[in-house]
Structures are given as C-alpha cells and as structure tokens.
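Presented below is the structure to which this report refers.
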Amino acid sequence: MNRDELLELLEAVSKGELKPDDAAGKLSMSWDGFNGDMGRGLRLGFDEVIFGRGKTKEQIEQIAGEYLSNELNFFCTGLDDQKYAYLSGIYPQFEYNPLAGTMRYMKKEPVKLNGTAAVITAGTSDMKVALEAAETLEILGIEHEIYSDIGVAGLHRFVNRAEQIRAKDVIIVVAGMEGALPSVVGGSFPQPVIAVPSSVGYGVSKGGFTALLGMLSSCAPGVTVVNIDNGYGAAVAAFRILNGR
Amino acid sequence: MNRDELLELLEAVSKGELKPDDAAGKLSMSWDGFNGDMGRGLRLGFDEVIFGRGKTKEQIEQIAGEYLSNELNFFCTGLDDQKYAYLSGIYPQFEYNPLAGTMRYMKKEPVKLNGTAAVITAGTSDMKVALEAAETLEILGIEHEIYSDIGVAGLHRFVNRAEQIRAKDVIIVVAGMEGALPSVVGGSFPQPVIAVPSSVGYGVSKGGFTALLGMLSSCAPGVTVVNIDNGYGAAVAAFRILNGR
Amino acid sequence: MNRDELLELLEAVSKGELKPDDAAGKLSMSWDGFNGDMGRGLRLGFDEVIFGRGKTKEQIEQIAGEYLSNELNFFCTGLDDQKYAYLSGIYPQFEYNPLAGTMRYMKKEPVKLNGTAAVITAGTSDMKVALEAAETLEILGIEHEIYSDIGVAGLHRFVNRAEQIRAKDVIIVVAGMEGALPSVVGGSFPQPVIAVPSSVGYGVSKGGFTALLGMLSSCAPGVTVVNIDNGYGAAVAAFRILNGR
Amino acid sequence: MNRDELLELLEAVSKGELKPDDAAGKLSMSWDGFNGDMGRGLRLGFDEVIFGRGKTKEQIEQIAGEYLSNELNFFCTGLDDQKYAYLSGIYPQFEYNPLAGTMRYMKKEPVKLNGTAAVITAGTSDMKVALEAAETLEILGIEHEIYSDIGVAGLHRFVNRAEQIRAKDVIIVVAGMEGALPSVVGGSFPQPVIAVPSSVGYGVSKGGFTALLGMLSSCAPGVTVVNIDNGYGAAVAAFRILNGR
Amino acid sequence: MNRDELLELLEAVSKGELKPDDAAGKLSMSWDGFNGDMGRGLRLGFDEVIFGRGKTKEQIEQIAGEYLSNELNFFCTGLDDQKYAYLSGIYPQFEYNPLAGTMRYMKKEPVKLNGTAAVITAGTSDMKVALEAAETLEILGIEHEIYSDIGVAGLHRFVNRAEQIRAKDVIIVVAGMEGALPSVVGGSFPQPVIAVPSSVGYGVSKGGFTALLGMLSSCAPGVTVVNIDNGYGAAVAAFRILNGR
Amino acid sequence: MNRDELLELLEAVSKGELKPDDAAGKLSMSWDGFNGDMGRGLRLGFDEVIFGRGKTKEQIEQIAGEYLSNELNFFCTGLDDQKYAYLSGIYPQFEYNPLAGTMRYMKKEPVKLNGTAAVITAGTSDMKVALEAAETLEILGIEHEIYSDIGVAGLHRFVNRAEQIRAKDVIIVVAGMEGALPSVVGGSFPQPVIAVPSSVGYGVSKGGFTALLGMLSSCAPGVTVVNIDNGYGAAVAAFRILNGR
Amino acid sequence: MNRDELLELLEAVSKGELKPDDAAGKLSMSWDGFNGDMGRGLRLGFDEVIFGRGKTKEQIEQIAGEYLSNELNFFCTGLDDQKYAYLSGIYPQFEYNPLAGTMRYMKKEPVKLNGTAAVITAGTSDMKVALEAAETLEILGIEHEIYSDIGVAGLHRFVNRAEQIRAKDVIIVVAGMEGALPSVVGGSFPQPVIAVPSSVGYGVSKGGFTALLGMLSSCAPGVTVVNIDNGYGAAVAAFRILNGR
Amino acid sequence: MNRDELLELLEAVSKGELKPDDAAGKLSMSWDGFNGDMGRGLRLGFDEVIFGRGKTKEQIEQIAGEYLSNELNFFCTGLDDQKYAYLSGIYPQFEYNPLAGTMRYMKKEPVKLNGTAAVITAGTSDMKVALEAAETLEILGIEHEIYSDIGVAGLHRFVNRAEQIRAKDVIIVVAGMEGALPSVVGGSFPQPVIAVPSSVGYGVSKGGFTALLGMLSSCAPGVTVVNIDNGYGAAVAAFRILNGR
C-alpha cells in the first residue's frame, strides 16, 4: 500500500463508504506469531512479501486468507511442491508459478516503473531462481526479459544476446558453479549488475558458496551480490534502483 | 576516457595538434606484466583504477609514471603505510589520503553526475573503508557525505541522521562486527542500499566474514553486498546506478 | 527434586509412609544406556530434562514410563512429529506442545520464582524455538510473555512493544537470518539479554551460523549467546539469573 | 553517567555553578569519525567504553583527552604494547594494566553493586582475558576474585576452589583449548555461568574457535557464551545480572 | 587369518584334506569392483572388515556369500536399517546387532588377548558408536565393559565408576556435544585413552566436528583421537595396543 | 560434431540430400531455458554433454527427444535412480549404465584416439565415479581399463597392478577418505595423473573434501585434480591430453 | 614425581634430612596465575610439562626458577627463537634443543620403560615436530629412533626402512601436506600408530588441516591422531601405551 | 638424472674415469633430516626439486652445496626475500629469479621436449606464480611464453591473444580473485588446461580459496587444477603431458 492508496482508503472511511472496522483489517494484520509490516509500502514503496520457506503450510494458509478477505495484494515466495499442492487446492483463484515456487493474488495492478530489467542465467539449472526474480519484478511493475543458459563456457551465446541486454536498465545475473558470468557481464556493460548465486551444483559447488564467493571477488568493479538463491531480493534491489528515476 | 574525450583526442591528432606517437601513449598502456584496460571508460563510463594491494611499490611507481607522462587521470587504492611513504616521495604532486590508502592525480575534473550518495559507518573503526569509498565517489563525480559511528547499539544516533540520509539517492553502509546496520537502513529507507562489510574486529568478527554473512542474510529486502573492505567497489556500484539517470 | 522435596521424601520413609524400595525408585534411575542425574535438582535447583533429539522413541518411552510410575515431574524437548505421534499415543495423560516439540507431566507444580521473562522473536519462523523456551520457563516456574515477529526490518514493531519488554527482568531474543535483533534489544534495555540463534533460513543463513556469529559479535555490550535453536538452554540461563534473587 | 549524576549536573547549571558550554562538553562528544553514545549510562546503567583494538593510537589519544578535560570517567580496552607505550607517555595520570591491555581514569568511584563475581581460568595463558574482565568488573563496581589455572586436566585443583566459587553470585569462566571447564562449572554450581573462549592455542585450538564451539555445545544446561577473548563483554553481562538485584 | 591359521590351512592341503581349489577360495577373494585384502591378518594380526556404509546391499550380499561359502569369519559394520532388513532376510544364520549396525559370522572364535578395555559414553545418544566399538572388540578377542551416560555435566556419575575404569588396560571414550569427557578421563587415569567423537547433536554440535576439535585440543596430554563415529577404528587401535603384550 | 562431420552435413545440404530445415535442427538446439552449445565439437573436439543433476526429468526428456529426432549423438550424466526409471521407460533404445548414472545414444561411433587410459579406484565405494569416467572415455573414443579397490592400506594390491598401469598413457585415480592413492601413483609413474576425489565417506571424509584437499596437497609433483565426484571432467581432461597426439 | 619418589621425600622429612618447608616447595607450586599440577606424576606416571607457547618469557623464567631451586625435573616445550634466546641466557645449565623448541633440566634420570618407539617424518620440514616428540620420549624414558624424509612420493625410501621400523613397539608418524604416510605405515605394520599432522605447507596444506583430516580419514584401520604439531602429545600417548607393559 | 645419464655415469666408473666414491655422491644424497629421492629422474623423467618454503636457509645451503660439489643440476623454489639474500651471497654462481622466488644451477642443459606451453595470468598480481611456473618449464626443457593481465573483466585483452595461445600445446592459467579465466580459456580452446589459483586478494579472495573453488567448479569441462600458488606443480603436470609425445 503506497501513499496514494492510503489516502484513497482514508477518504473512503471519511465518506462512510468503508467501515472503520474493515479499514482496520486492511491496515493492521497481526495475530499469534504473525505481525505484518503494513507500513512497508509507505516507507519503502513496495509491500511486504510472505516468505514461505520458514512457515508451515497452515501458517501461509491463514495469512493468505486474511489478505484475500481484506482484498489486498498478496505475494508469497519459497513454496515447495508439497506446500504448493496444499495451497493451490484451497485458493484456486491465486496465480501459481510452480517452477518459481511463487503464488500471487493481484487485487490491484502494480504501477509500472520507468526502466526495464534483464534476468540472465548461466545454465538451465538456474531457471528456478531466475523465475522467482521475474515473478517479483512482475508484481513490482518492472518490465523484464529472461536470457537463459548463456554461461561463459560458450562465450558466443553471451555475445549473441549482448545487444538486447545492453538495452536494459538493470541486469540481474543468476549463476551457480564458479559464478563467473557476472564478471563478464560487469566488464562488458555499464548498468547496475546484481549477481545472484544459485545453489545448484555438486562437490565444491554444492549449496552455492563457490558461486557466492566468486561473485563477491569479481574482477569487474561495481558488481553487487545478494544471498544464494535470493531471486526475490535481487528483484527488490532492481526496484530500489528504478523507483527513484 | 569516455567517448567525448576520445573524439577530442582523435580530432587533435587529425588537426596535427597531437602526434600519433603521443596519442598512442594515451590509448595503450602495456608492458611486462601490466596490460591496462584503456577501453574501460568507453565501455563502462569510468576509467580503470590501479589496485595497489597486490602490486609492489615499484610496479605502482612505473604505472603512475606512465599515466603522469601521458597526462591521464590516475587513481590508486589499497596503499599501505610503507607503499604510501615510498610513492609520496616520488610523486609529491599527487593527492594522497593516507587514512583511505589512496593516491590520485586528476588531470581533468570528472563530470558531475546527477544524484548524491550517503556513506554511513557503524563505528569509528570502519572509517578507512568509508574513506576509500568517498575518495572513489570523488573521482567518479558523485557528491556525497559521510555519517559515521551511528551503529545499532545506540539507535538514537541513527535516528538523528535520518532526514539527511533520506535525502540522498544511494546509500553505502560500512559495518563490521555483526553487520546489522544495513538491515536497519534498508528497512527504513527506499533507496538502493549497498552494504560493505569491514574486516575490523576480533574473535568471530575477525576478517569481516560475520558482517558479510549478516549483510547477505539481511531481513530488509533488496540490500546488496560487495566484498569485505571493498569501499571502491561500493562506490562504482553507486556510479552504475546514478550514471543512468 | 530440590532440598525440601528430598527431606519430605526421607521423612515419609522414616515414618513408614513410603517403602524404602519405592523411595529408591524416586532417587535413582539408571538402566542400560541411561543414567539419570537425579541429584541435579539438589545441586543446581532444577531437575534433569530429557533431550529427545538423540534418542529413539523407544528410549524416550522407557524413560517416561519410569518417571510416571515414580510420580516424578517429567519434561522432554526435541520431539519431532514422528516421535510425538508415537509417544502421545502411549501417554495420553502427558501435556504436549507439538509446535514446541515438547511433552511434560507435572506431578508437582513448580515453585514460582520472583522475576519475569520476555521471549522475543524476530520472525514468525522463530516461533518453534521461542515456544521451547516458553515451555521450559513454564516448568521452571518463571512467568513470561512472548513478543513475536518484531525484527529490525520494521523497527516500529519493536518500538511498539518497548514498554512491555522493559518491564521484564530477563530478555530472551530468538532470531535467524542476520541475528540483528539482540543488538537493538541490548542497546535499548539494561536487563540481561540471552540471544538464541535460530536455524531457519536459506543460503548463507542456513543452519543458523550467520545468526550465531552475528550475536556473538554484537555491538551491544553484555549480550550472551546459547547454541543454535537452544530455547531450552536460554530458559535455564534465565532460571540461573532469577533463582538467585 | 547515570540519572543521579545527570540531575546533579543540570542543577549545577541551574545554580550558575557550571557554564552551559562546559555542561555541553560533558553531555555530547562528537567529532570527525567519533560519535560517543553519551546516553548509554542513562539507558543501560553503564557508560560507553572505548574499544582500542580498531582505533589508531592518535584516535584514542584524542578521545581520552576529551574525557579528561571534561572530567568524565574513562575506560579503554584492547590496548597492545605499542599503543600502551604511546598513551602512557601522554597520560601518566591514567591507571594502566598492561597485562589486561586496559587504561582507566576514574574521576568518580563507581557505585558498588550488591553481588560478587568469580573469574575462573583454565590455564595460565587465559590470564589476559581474565584480567580484562576483572578490570571491567572493577569500574562497574562489582567485587570479584580470580581463580586461575584450575582446568579439567587436574580436577582436584577445581575441587579445592569449589567452596569459594560457590559463594559468588555470578561466575565468569575463561578457557582456551577444548573449553571444557564451563561444562564442569555449570554442572556443579547453580549460579549464572558466562563462558569466555580464549584465543590462545595452536593447531585446531588456534584462534579460540574450538573453545567457542565447545562452550556453545556444553552439556551443562544454561551456560551462556560471549565472543572469543571478550572479557569486557562477560563483565558487562555480569553487570546486567547483578544490577537488577 | 593369522600365521597359525595359514599354516594349518596349508598343511591340510599338503595332507590332501583340502583341495587346492578350495584353499584358493579361502586365500583370495576378488571380483568386479571388490579386491579383498586377505593378507591383512598375516600382516596386521586382524582380518579385513567389510565397511557397509559406502556399499550397496547387493554388494554386501555378494561379499558375505563368498565368506560364508569359504567358511571364513565375516564382520560388517555401518549397516543402516534398510540394509539390515535386506541382509538379515538372506543370511539368518548371521548374528546382528541392529543398534550397533553390525553383522557377523564367526566360524572360528577369536584368540583372546591379554588385557581389557573400557568403553565409556558421555550420553545415551552415544550408544550406537559405543556398541560398534564393543562388537569390534568382541570379534578381536578383547574383553570389555561399557560404562554409559557418565558425562561431565554430572561428575559424580563418573566418579562412581572410577575404580572399575581404572582396572581396565585401554579406555575408549565416546562423546558428542563439546567432547569434554576424554579430558577428564585422560587427566584422571594413566592408561591409553582413545577418544571417539560422536555425530549426534544439533546447532554447532551437529555432525560431531565440535567434539572432534575439542578432543584434539584436550588439555589432558596423550589423548588420541579417531574419526567421528569411528567405533570400529577405536577398537582396532585398542587391538594394536593390547596385541603387543 | 567435429569439422569433418560439419562438412559432410553441409555437402549433403548442397547436394539436396538434406533439407535446410533438417540441417538447422542438427545445428541449433535452443528453446525455453535450454541453449545447447552446438559448436563445442568444432571448438573443443568433443560435443556438449547433458548434465542431469540440476535438471528435472522432464527437461532431460525434452532434450533427449530433440537429439534423438535429429539423429545426433547424446550422452547424459548424473542420473539418479528416480530419473533413470522415468527416462529408461521413455527411451528404451538408449544405453543405460545405472551404476554410473549415465545414459547414451550413439548414432555415430566416436573416432578412436591414439592412447589409452587407466581408471584406478582406491575402494569399492569409488566405483560409481570410476564408471562415470569410463562411460565418458567410451563415448570420447578412448580405450581404457578399470583397476579397482587397490588403495594404500594394502600396498601389495597396487604393486600387483603396476605393470598394467604403467602401460597406459593417462591415469585417472578415484579415491575417497584421505585421498592418498594419487600421491603413490604420481610418485611411481611418469604419466599425466588426474585425481578425482569421491564423496563417499563419513565423519571428516563426508562429502569428499578431505580427499580433495589431500589430492591438491599431494607430495607427488604434477598431479592435477578435478571437482569431487567429477568422473566426467576427468575423462574430458584425458581427452584434451590424448587428442593432441 | 612418582610414588617411589614421594615416599623417599616423605621419609627424608621424617628422618629430619629435609625440612618441612623445603618439602612443601617440592610438593606445591602455585602463585599468581600459575597453579602446577604436582600430583600428575602420582596419578598418570609422568610429571607436568610446561607449555611455553601461551606464556610470556618472564612467566617461564619464574616457573623454571622454582623448579630449579626445588631440584625438580623440568621440561618446557613450544619455545620460539626469541624466548629461547632470553631463557638460555638466564639458565645456561639447562639443556636446549633449539630445533625442537624445548629446554630441559633433568635432576633425576627418568626410569627406562620396556619398549621402543620409531619417530617417522614424511619430509625434512616435519623435523621440528619430530624433534619435540623425540625430546619428550627422552625425558619419559623411552628409547627411540628418528627415520626422516621417507614420504609416499618415493615409496622405496619407506621400504628401505621397513625392517627397522617393524622392530619398534610404537610408531609416531609426522607428516604435513596430504598426510598420507600414516595410511601406508598403518597398512604395513601391526603396532600402535600415532599420527601427528604438521602445519608446514602452503595453499590448502597451510596450517596442517589437510594432513589432520587425511589422517583421521585413514583407510588403514586403528590409526590414531593428535593435534597439529603436537609432538609432545604423541610422545605422551606412546608413554601411556608402553608404561602398562 | 635419467636413464641415459645413469648409464653414462656407470660406464665412466667401469672405465676408471670416475671413482666409485664420487659416483656414490652423485647417486645418493642423504644426511640428517634430508633424504633425497635420487631415483626420481629414472622413475618419472624429471629430477627432484628442492622446495624452499618449509626449510631453513641453512638447510637449503647444505643441500645446494652437495649438489654443487657433485656437479648435479639443482633447482629450488619457494625462496622469500630473506632466504634469497642469504643464499645469493653464498652461491653467486647460481641463477636467481627473485620475482619467481627460484634459484637454479644447470650443470647440464635439459633435453628439449616436443611441444610448447602458454602461461596466462588474469592480473599483474599473479606474475609471481606465473614466473615460478615459467622457471620450472625452463629447467624441464619446455618452450613457453607468458601472456599476462588478460582477465575476464576486459575480454578484448583475451581475444587479442587468442591466436597465439591456440598455437600452444598446453595452457597454464594463473588467476586469483574469482578465478574465472580458466573457464573462458577451457571453453575456447581444445588443449589441456591446468589452472593455478593464486593467493593474492583481500576479503573473500584472501588466500586463494575462492579462486580454487571456482576453478574446480569450472563450467568448461576437462579443466584440471593444482594447489594454490603451485606454479611448480603446474609446470610438472605440463611435463607429464608433453613428455609422452
């Protein structure tokens, strides 16, 4: 909820179109163990997102229900197959992206931002994280395109996409294994580059730490990094950059 | 060297104002072991910077001399006291910031960017890294201000600076120990937040890994992170963000 | 069993109200592989607690049965869903808290201590650990209240609870991710602060090590830390503090 | 500065005994890079302490001078031999404890607390950390005694001291190597136990991580832990516990 | 197969009591992927043991069958529940210890060694490893006794067993968590002490690394250590010590 | 596809034997999330291999189908039992090696290289990785032999195979646990030695890091190492060495 | 001081040959920070040894002086060049081994044990640790021989020494880098094998962790391990083994 | 010493041109702590090299003197400035490369191999390791060229050198920071690629582990890796590859 939406709501209350009780439901959301940060939209420009990984499916069900009955936009990341199966049975009206592990309910369309984003992946296995980033960009109102499987072991694939990538305002790069793609991207393009290590791999790449360390050590200056598999965080970082324009 | 400067130089050659040999010196810089990326300015909008940590003082001396004789802007980071003492004796005309460990020679003033940056530190011990960031912002043409020693153990200090920080376009946060300040900053302000872990500390904070991991795990969404002590990289990330405006 | 309870038992034996054999059962509990520390209550003021994580459900069943038949207080932590299902079928008279993973049988109510405790969580996902702490405080006779989901990404939520927290005598803080909440709590309040890292998280937060390291590095002085997910240990630390008053 | 001292100061101003300018010096202390938390005494009951490890000797000199000229209590930890030599030459009126690496200037004696502390070390090599804790207890007004070199390889040494230790209200245990002493102490005594890992050691004990992990894993319940070598933090934790009585 | 058994076998061949083909089966055991070290008994005094953890149940089945048909002693460690269920169905004549995860077939009783061993555990959860050690001692002909759940959090339990432990020739100590028991044992008794870290635990104790590091750092001199959960290795180390007497 | 095969294909097009559309299918393979590096054969001399670990079984099914319908050689590694069961049902015409976790479809036999390879394993548990290497050598046209279970705990087993191993041109050594076999091999034979750490093990060997570090530290000079469990990579390294002869 | 020596001393007191005051000096040794375990000889059969690494040279000087004036055997390990220079100037009558970093004063010759030890090193760089072990064996009364630089990269060097090593009762093996030598030794000989990782190395071998992990993972059963560089501990472990014979 | 040289020496002895005593000096080199592997040349085709890092300057001096007086080729790596200064004063006839940290004395020129090597560095700071590799290639008789400072942050620099690199038979790639260069090299060229991580860096790159992990995870198949900073080992690996041709 941003400032305009807040004013609209308060005016509806003042005109008697909305009962104070119902307005309260939209403005505060707190119960046993959950304490929603409803002011985040006002403060940061984007609403709180439900992080599904650490929550039980029943906890998510309850939160989603409250959002639904208050007609608020809802977005949840980090769903695994089991939680997805449970929740999609209860809320069939929600939009799901099982590959991304996300679920959303957009009561209001997001305001479109000026500026576009590229989401690049080094390999096919990085698609899950890239899709989480793309879904988040979607609800944040950022136009974007995915360029997948263009890692440095076959540089020509990257070169083929160079012109399209250069035309974007922010670049999100998802890579596992040695995490070298952000260095090549950051050395080739002048835009902000947000690197996301992905946890797919085996041996020393397992869990994404090698990719994370490689991205932090990037010889291309000014590349920034977010947590392993954090496609959501990369998209919000892009929002912070583009929102100010 | 950006595109405008390149054209100017080539026109000077075409008019006979500059000899081809001298132009070549300005455009290529390569000798035994060193291979300058002279096209970086054209590609990324900012020139290559000499990273002093891994080089001997003699290597830096040679590189600095070449820049000087070709009348190019020069900026070197990562100087320790010993290299500083040696180099400042040879090139007294350079500007030094011993606290930041930097040395510069600005033949041409940088183009001023639209947009400003805040550099925040959690403690007094983080100043070295903050100053490296500030020096880099300076040569990149970004107006900035430092707000130091306002860590989360005394939140009122942070609150006192809130209005000034909110007015900046990009926020760089330097913190050691548990690295909690970026979470508070990222939860309070909507701008891009670039977190820099600093290596000062002891016990489990030694070397900056605790701060790094804490920043990557930040509960404030959209905070991005650079390598430990990498004030330079944070400033270049700010440049990538502001340059596009 | 504390000193008063021991005297009462021995007097019952001396009066012939309790057979020596039965008294022995209450005072020693040892069989193949298990060797209960029955003197802990006398020595430390609190009885031994059964730690369920490393034991098979059959081992716990046997131990619980012995406590039951000797009419001793029994408390077991670290139950997972499978062990819970098995044990709750056998001992329906026990009280279970499946969210906390605990099971108890209080033959005698605990002596109430002077002093109260706050149990704070940074996020909804930390509730399991907070509930283990709360259940333990309960059987140790310590009055307490839980304040959940008030992490540093939305400081206003913390500020709203400040007066209530300030009124408690000991503060237990459970947090995952970057573990920053204890620094803010320890910098704001003068009481003893016991920080508990929680293992919920992904990427670099996975397993709770980032939160642990962050809490140990806290810039707020005098914050102490227990093992990851150790809600039980935090409650006992609170008991050690309040018991002396 | 606690509440009583603040009132005293403000009354002196109101009576014209203290000029507003001079009072301001005592109440705010902030300059380039340093931003003292002068309200800590009011908030937490103990004043800010200068942490010398991350600061240059010139930075400490400046801070110490300001405290001196404003007649405020001053305490600095984490001095190494070189900083000690420099500072003791400038401020001979300060009290130094070179083994503890501390320096203090007590304009006003601290209020004595109710309650006493034991500081125990496993070996001779842990004395530096124990002395830092003892010096801090001193300026916090806590009576204490050190029992050194009574580690678990010769349990009789520990047993010989048991009665004296049992008589204290809080126990601080410093140990390196495997860090086993807090387990024995915590299993033998009912008081609050604050464990401090020390960094002395070689091979796998080097840096204190083995002792830290051992203390966090202690089989004695309710033992709490602070950062490696953090004698200061352990003493402040003791203050938080005793201050409330 | 030791030297005496080898001679006996060869004499049986020379007298025509054993066919060369059958003798060959007993002396070499090698097929696709498996290459038994049949000379180990001659070289080291104890036969090769099958390590079940890294092998499929079919591989173990095949190896066991070969031993059975050649009437050789067979001992396999590292069985999990699934492999146990499969193999116990095929070879009901084998002796199983499901808690230890071992399976054996003793065609010939082992020669009894001079000397006895104590197997001590810190907690109930360490029993699996202790039982693997005990089963191995059994097939190596070493008399032994288990003293379980006598960890340092309740030192009196250890003291109660001291006389019995002192009477043994070698002491094997299994402990998880902080691994402190070997320090107390090694500081109290003069015999060889073999410490085995156990992997049971949570948080920083998970996987047994804290116990391992603690044991290697032991302040009691002359304590030696084997790999985490390696009850088998500890028993063989005891054999190497006692065999020489 | 190597240069000769490319020419052949283009000639077929020029003669009208192959339709341009069909040729395009063989030369480019790219769809949603997958972007095959079809030029690898031309560039490096060996075709791209599908890495099955990070892909869903549906993704592998789609890729395999495309290769099949374009009559291209196909090789996939990293199949687990579940993916194997699914895929072998769909493509019964493919050759599977379930122990190796590989699946292949060789439309054209590989060109035989000059030179042979030995694949050595330290234990039975290393066979899976060795078989992945062997399968890869097979499709790369390299003759090879496996020598298994000849680790350093029984050196005579290694000595028995010495003459056969010495006759090979490249040696691949797979070992888990302490990873000592490559040191012995590298100290005994003059050929290129490629060491592959295997992840089988427990305690400190778990995951293969101990073997990896041991191999990198080998006291035998000139031993090179690939990622844990990377039998495929070791075989390609052998190809790079032999292809140039 | 063992039991015989204690009786002798007490008899001297009873006969008036030794004053009670002087006897007390020999039996207790305790002052500020130091608390000698004088009963260790009685309990474990060997006297306490002074560990020089964590102590200042002044602390060692004081301890040595007390031993000297009480005519007790003294042995100190872990001296570096600087401490050595200082102490050898003060106590020229002590025996020093600068390569081993030890200093000793043997008022009474140690009782010779039955049994001998081999000390083996993999490389020249491991000599320092081997010499610390040898010096300790010396004062413990164990006959021994050093076989150096016979690592696995040139197995023939090991084979040349095999007969001599086989004749010893206990084998201590010191190795850095990959730490493979104990596996070969443990696979070839039946005696107790005590492995000591040495910290010499670079890259992944630096600090001795690779050697430590390799030794713990040894494929030769029954090899035991002590801390990195702990030659002293290995010698005491040998004493525990041989003392019982 | 290879087979031809051995025969030549033995013939000189048989003809009386060389005294048996002098021949023995050339064939065995063993004294206190040092045990030269003189048969390495016969076995592996290259002589033993002295590794200077773990040895004192006096130990190196003695070894060098023996080689000199026996007129054998000598090569020593891992010299630091201090050892270099000492040794170059004693043996001025030796050739030194202070940047590489090597010293050599070539009594006989090495046999030239068929095949050439490229040594590539990502940055100027990697030159020390590259020079150690180059010096070793030199004494092994391998022609080579260094291409320095062509890392992935400026890909055009790499592209400029592509044709020259492609013409070599083996490629050694030295890189620090994220270690991405071997992936690009291995994806572009078909030759054997030996990657060497360099330890230069700061923050997460410090010590070379990030580069090491990145290289092991390389998405370019068939890249092999040696220990951090091990230029010598990379050169020997190249020798093993080229020697067989």
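Every chain is named by a letter (A, B, C, D, E, F, G and H) in the order it is written, and numbering of its residues begins at 1.
In this text, a residue touches a chain if its C-beta (ideal position, glycine included) is under 8 Å from a C-beta of that chain, and two chains touch if they have at least 3 such contacts.
Not measured: the values here are computed from a predicted model.
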Chain A to chain D, fewest steps along touching chains: 2
Maximum centroid distance from chain B, chain identifier (CA atoms): E
Same-residue or different-residue interface between chain A and chain F, half as cut-off: different
Chain centre separation in whole Å, for chain H relative to chain E (CA means): 45
Distance from the mean Cα position of chain H to that of chain D, given in whole angstrom: 53
Between chain C and chain B, distance of the C-alpha-averaged centres to the nearest whole Å: 49
Euclidean distance of C-alpha centroids - chain D vs chain G, Å: 37
Touching two or more other chains - residue numbers and ranges from chain A: 123, 153-154, 187-188, 201, 203-205, 209, 212, 216-217, 221, 227-228
All touching chain pairs, where touch follows the definition stated at the start: A-B, A-C, A-F, A-H, B-C, B-D, B-H, C-D, C-E, D-E, D-G, E-F, E-G, F-G, F-H, G-H
Contact set on chain G toward chain F in their complex: 122-123, 151-155, 177-180, 183-184, 186-188, 201, 203-205, 209-211, 213-221
Of chain G, residues touching chain D in the complex: 32-35, 37, 39-40, 51, 53-55, 59, 78, 197, 199, 207-209, 212, 227-230
Touching residues (chain side chain H, partner chain B) in the complex: 121, 123-125, 127, 148-150, 153-154, 156-157, 176, 200-206
Residues of chain D touching chain C in the complex: 43-46, 49, 169, 187-194, 212, 216-217, 221-228, 232-233, 235-237, 239-241, 243-245
